[in-house]
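Pasting the structures here.
You will see two complexes here that share chain A, one where it goes with chain B and one where it goes with chain C.
Presenting the complex of A and B:
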């Protein structure tokens, strides 16, 4: 008996496999933040070095607010060097990187900063008020704030070099006073 | 040093597994026993290496070796000893280690048991087992490397996901994975049968016991998962039709179908193609489940982190499905049925119907699980499919299956006469109908609830009728009742083991029906010394206290049950505050009972401890579900005992 159609049997599985492959293009956790486009919540913290860290004082600059913790592996460990390099590259062009260490022990936070040689301001968020204001769900999360103090981009997970550059360049290009 | 040693061990294991798979296949093809022997040694070596890797990982956890990234991510200095061991499989990478180790163990048992008995099939069985094993070791080294070095080495680790600090996390993954990996053995035999063309009944009788064992562990894994969900998550339920629960449930459904259809093949030489397809489907669904849990494609409470691992799993799934189906197509002509269905009113037809329904249930669960993906692909919409859909389609299917559970084991093979039907079913039908009428008269639940309960009684009566008749036959030969029953169970252990498993399913079904129908809950705010009342229970709030545990802070409420059988019971639900978590974790306290569980979840509380909000639930008959697990264990044990009929 010759039944050439039997070779169609394996093909029946292809649509299902294709659908599953399509799933890789999606991110089910990709939930848009309601904060984007809104004024960034003000905060005033004291850095690990004892210097004041105040958002309102930075109006007119592009501010990158990064929430991290020393226990956050691997994402915070991956992005720490990226943030430091970004800060070095853009600090002269009116960009400020601020690190906010949440739910952490001071000692562990200081070790993290020393291990990575971070030079941008880092402050502990005692009592977790700032992370609540920013709706931080898990670390790391990074908010890019434009010169008028509006949140423009929210990045969940480790910040990569291109993601940092794209967001910062966009906000720098928008210029001062360009409220959209 | 551990990261380097571990990685090295795994690389050698990978090379050995690939070598073994290839050599076994070549040995099978050319008929060279020496090559097969070498593959056998490779299998032993892989198992030894995987054992070493597992022990190394456990050692790293016990010694807080934070230079291993996986250890740093899943434990901290405060993690208690006990949970440092379960943390080994608490996240993605380690779960694959456990998985692969179990697969290695199964491979070892296959070598020990079947190297002389499985004849022509054996080399190919070995090749498939080692091939699958090689894939999992590959996953452990490339997309989910467990021994990655952490630099700089942190002072303390992140800590285990607090929800996993529970005894259920020792047993749930172990049982579940023993189930999942166990289906590799029947699959390997099926592929071997297809490759060699020996698609007769030998492979299926050989793997029957394997299928039962894997099926049992999967059932147990599902039940323990339900228990974990019930007493840890604090929502008072045990099943949510979450994608990952579905992923474990689907292979269970197809494996259940297989356990039944195998009997038709043994008895009537029918369904060869169907059984092969079921084995392939079951194994593919276990892979699909792993893919779903670990790829991040579908959102789920259980999901592990994402990464490239999903691509690996999908690729492997595609290879497995396409190769298996191509082999089936190749052997299509010899897979044709030899027996024919004589009558619609017969046992084989009841089994067929059972299979159709189980596969239909599998399909609806699959459809509901991937529907969000489909909707997004076709219409760009984000949708989620909830419990109502799954319940609506599956409840009628499951009720029909319960009905068939009564009919199938008693109805005659080939063609049931009217006489046979009357003799077997008149009594049980009367019991069922009378029970339904009585339940309605007493106002027990809705029509659906009364019907379901009556149905379970019908099935129980069927089992009782059969047992009674068999015991009576032996008593007629001069045996006394109890020894007769014991002898029956042991001599026909396969049949009666199956009956006990059916009883277990009935017990679970009653538990599900009861808990869905009669559970009640309330949420209330109480000042110290005040009482709340629910379903006749009065519960008093005594006070709050704060404590510091090794790795978290804890606020505990004390409540006393004032009346009824539970009078005097003190319940202490709590909220646990872990430094690494954004929100507090509820710690449920409960008192289990055969009918009523009293179940408390602590909500918000005043800072000064004078008042609390508490969720009080009285959950009904949930314990029957766990009880069903015990009966299931007994039934399975009975049915896998060596058959003694011939010796008798």
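Presenting the complex of A and C:
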């Protein structure tokens, strides 16, 4: 006996399969940041050297804010030399690199800076307020902020030389007051 | 009442753990309801964990987030504003249960639809199975009727 509704059962399974196919292809660890394109949250920290590290004072410059921790091995260890070289290469062109050490012991953070000979400003974020303001969920994460103070790129994981150069060059090329 | 007293234990513990951080941060301008702070933290996903809320995670990041929840409540923000603060920075991902609107409704409605469809399928199958089990009596012609009658009467 033929039942005309027989094919309905596999047909009903199709949307479910499609939804599962879509869902399982997403990376649950991949969190799109709602901050890209928005004004970067202001912060005022004090660097390990005791100098003020204030975002508002850097308006007009391209700012690279890097969140790191001394226990973040190997990613933070891989990118530290990249950031230092980037800072050296671009500091005369209106680019500032800022390191923010999160969820860390001051002593371990200082040792990390000394070990890599980092010369750009680094500050501890002791209460985690700046990390949460930037929606940081792990280290390392790097935010590229344009001259108008808007977050333009969020880089999750160790920053590579090309990624650093591309983002910085793009923001430098945009010039002040450019809106994209 | 008793349940509330038991549940109050954890926020008190959290408050003790956080008091050090909170004290150095800023003087609360408003007393914070521990239960309220706990409930907000329980709705937030711990960003460095797998499937743990900020209230349940022992991680440093989560404890910092709990401190931030308390700070914002102390500063006079409503629970909705505190949640919104986190959503604006982390997206809806930070909420352990997605808000019931838009595409998210699928998550809430799909199980209900599945149950209804499932019940329908079960009802249909049960009806078919019970119908098949009922044997149709074999046709009885006049000769068979006569034979049955004879054999019944011949019983002692």
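Here is the rule we go by: the second predicted complex is superposed on the first by the 149 of 180 C-alpha atoms of A that agree within 3 Å, B and C clash if a C-alpha of one lies under 4 Å from a C-alpha of the other, contacts with A are read in each partner's own complex, and residues count from 1 in each chain.
Keep this in mind: contacts are C-beta pairs under 8 Å (C-beta built on N, C-alpha and C of every residue); 3 or more make two chains touch, one makes a residue touch a chain.
Quick caveat: nothing in here was measured; it's all calculated off a predicted structure.
Undergrad: By the touch definition at the top of the document, which applies to A:34: first (chain B), second (chain C), both, or neither?
TA: In the superposition, A:34 contacts chain C only.
Undergrad: So which one touches more of the residues on chain A, chain B or chain C?
TA: B
Undergrad: Examine A:103 and indicate which partner it touches, taking first as chain B and second as chain C; both and neither are also allowed.
TA: A:103 contacts both chain B and chain C.
Undergrad: Have a look at where A:12 lands relative to chain B and chain C in the superposition and call it first, second, both or neither.
TA: In the superposition, A:12 touches chain B and chain C alike.
Undergrad: So, A:133: does it touch chain B (first), chain C (second), both, or neither?
TA: second
Undergrad: So, A:115: does it touch chain B (first), chain C (second), both, or neither?
TA: Only chain B; A:115 stays clear of chain C.
Undergrad: May I ask you to decide whether A:24 touches chain B, chain C, both, or neither, giving the answer as first, second, both or neither?
TA: It touches chain B, and chain C stays clear.
Undergrad: Which chain A residues contact chain B in one complex and chain C in the other?
TA: Residues common to the chain A contacts of chain C and of chain B are 12, 19, 103, 131, 136-138, listed in rising order.
Undergrad: Help me check something: in the complex, which residues belonging to chain B touch chain A?
TA: The touching residues are 69, 72-73, 76, 150, 152, 154-159, 291, 295-299, 306, 310-311, 314, 317-318, 321-322, 325-326, 328-329, 332-333, 370, 372-374, 376-377, 579-582.
Undergrad: Given the complex with chain B, which residues does chain A contribute to the contact?
TA: 1, 3, 6-7, 9-10, 12-13, 16-17, 19-24, 26-29, 69-74, 77, 103-105, 107-108, 111-112, 115, 131, 136-138
Undergrad: Considering the complex alone, what residue numbers of chain C touch chain A?
TA: Where chain C meets chain A, its residues are 21, 24-25, 47-48, 60-61, 64-65, 67-68, 86-91, 93, 106, 117.
Undergrad: Which bits of chain A are touching chain C when the two form their complex?
TA: Touch list, chain A to chain C: 12, 19, 31-35, 103, 127-129, 131-138.
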